[in-house]
């Protein structure tokens, strides 16, 4: 349904344009949850904003690639058409829900304005719909709470409001950018449950972005791992976790603190994520890779098919040694 | 809302009393004998004594103070020594002129500055932004009286497009009222506009960087709505604050501008009071100015509460 | 921990000076102001004529070889009056600022450092002064003291004192609980010594910025007051009084307005640019008390 092909994005910095996302490919089907994992600076958020068409001058530009929603080329749309698409066919929620709500207006107003903009409802109908949506996302006393202001909501409640806004026009796709990262652990579970509920009810395709592997494991059907602006691995979630095919994925999995396993040391990945203007030659991960060879520093690997444990296709990895390496996943 | 208003009025009372005290103390701080100075150089001893009696200068300070406060509350600001004309009468006659002048100046400033500042912020670091910043910097450096002089010379003296002085009441002839006010109001408006434009630009730039603006765009709201609704309400706070501060500046600037344009307003009255060393009138002027600034601040506070739901907690 | 750095430290490291030097507007402004000071100091030498000498037969003349900027309403040479005006104006403004600083900074430091009742009272006074439109307050003070340049500058000084009070108070307040202050106290330093030897130098950054901006405003104030006829009395020449004289004769000739007005505007611009540059050069540290 949502097809992203060869997406590349440049950001304009003080030192000139810098490519921050490169060769990103993925598809999202109706009803499925696709996870995008990576550390900060890997390009996940930029990718999602590029899908929405929100990367443009003066911040940056989409250099190449295509984004297709149900066959429609989103890059070919005019700004007005893109504005109609956002919020209506693709909804998005962000990491800091309380900061993503305008403190000067009631939450009811902020849901209603979305609905009025896209569905052309009257003020009264829009307000009624806003109350409905608040009820849908599980906020008590929706009619009263609709007249409240964002600062009166906790983080978890605010994220529910954001979800209400995002799904208010029954979109096809929901992009969730680190939706639970800023929330307490107990609240996280509630919000994740809500996302799944909404997905079932509305048949949404969900693009779930996070750096938290645990959350990804819980929510996603398929996962892509991003590093230094590129996709380094893509696989069904279970397979990715059981048997990763890219050293970076394996390293991420290893770095998850595991009290039960009795390790007394945290396994960190040596080195740091390279900044966008200083990506290494060859494989971008090779300076930090435990399995790197000389060839890895010279040749930049392409995203190629990787062996899948069930014999079927659907797995890719960006590693020259993908056929040779057997990497450990979580047991 | 009414509660906030009441609270603010209450907290301003000490300041107001302080101003009245200062106004009264002005007499005490005069080097020499106030009565003699007010009577003038060629006054007879009887005239001087008459002033001293009229103003009851021999009474103790606290008595004079309480009498003064009592008078203020009933609208009696005293009488100018010598002429005996009630101070409040002179002030109330002069106020409409200055209110028209100041009002038009504020409106002009807002109408020019806020769009300019917003425009500059939307094209941040571009040519428009730098042009507005440069214009604002220059305008702020030019005192209103220089602008007033320039305007009067080029538009009224050298070419008689607009009248060079005088004031016509709105009730008498709206068109002439406007023609007589437009030049002096512009003189006052330009430096206020400069400061306002800068503040607007800064406020809009700050708001544009906020997460909720990105979220509003992500939900597909049209740019016009994002700016006209969300940016506007959130950027308004610092702008309104500056606007309130400009009221005081405009009141001061009015003194000079009214002189240049021959208008008999509050500013001209203040000047007259100083020139004739009419302390009672000066006291009245100081008090009324302080009240004007107070009212402006109160209005700003009220608007602030409306703009910021968080402050209502 | 608040990171206030003093001007002395900044200059010692030369980083501020270098940053200032890179700002073209600041350099030009500083040069212009320096030129004004030179003119003021050398004024007796630079004036071609006696600025007070009247020549009623040559009133309001246009510029000529004899009188480079023409003559005023009493036949006096405008160019010489402009030069003298530079000296008088600069000196008057300096006096006003000195008064403002002398009143504002010590009281501000004490209020911020000692706090409690002293602070309440002093802040109350400052708030009252600040609640009045500046020019009206200046007028009131001139009304009490009587017209004249000195009195006008006293008025201006009093009007500007609260600004310095506020900045000094904020600086002292934020430094009050610093460890080094406790340390010097423990060593037996008296309060005033602490204030002047330690607090003041460390808050000199924002004070200097405030000073520069205030100087520009003081020039405006002097010009306004003299223009109103409350400042310099004839035959003293300041830029403001020259503008007034020119204005009185505006129907005869508009030329004499230009030179003094230009001087006023350029000087204010110069102080503005310098103040902006100083604020940027001193960086985040200059934000204290703003």
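Observations
All chains are identified by letter, namely A, B and C, in their written order; residue positions are counted from 1 within each chain.
As a working rule, contacts are C-beta pairs under 8 Å (C-beta built on N, C-alpha and C of every residue); 3 or more make two chains touch, one makes a residue touch a chain.
Bear in mind that the values here come from a model prediction, so they are computed numbers and not experimental data.
When chain pairs are compared by their number of contacting C-beta pairs, B-C comes first.
Here the chain at the heart of the structure, going by C-alpha means, is B. In this assembly, the C-alpha centroid of chain B lies 23 Å from the C-alpha centroid of chain C.
Averaged C-alpha coordinates give centres for chain A and chain B that are 54 Å from one another.
Averaged C-alpha coordinates put the centre of chain A at 57 Å from the centre of chain C. The part of chain B that touches chain A in the complex is made up of residues 124, 210-212, 214-223, 225, 229-230, 233-234, 307-310, 313.
The part of chain C that touches chain B in the complex is made up of residues 124-125, 127-128, 131-137, 139-140, 142-147, 216, 220, 223-224, 227-230, 243, 247, 250-251, 254, 257, 261, 264-265, 268-269, 272-273. Across the complex, chain C is touched by residues 14-15, 18-19, 22-23, 26-27, 29-31, 37, 137-138, 140-143, 145-146, 149-150, 152-153, 157-158, 248-249, 251-253, 255-256, 259-260, 270-271, 273-275, 277, 279, 282, 285-286, 289-290, 293-294 of chain B.
Residue ranges on chain A touching chain B, taken from their complex, read 52, 54, 58, 80, 82-88, 91-92, 94, 96, 99-105, 113-114, 117-118, 149, 151, 162, 165-166.
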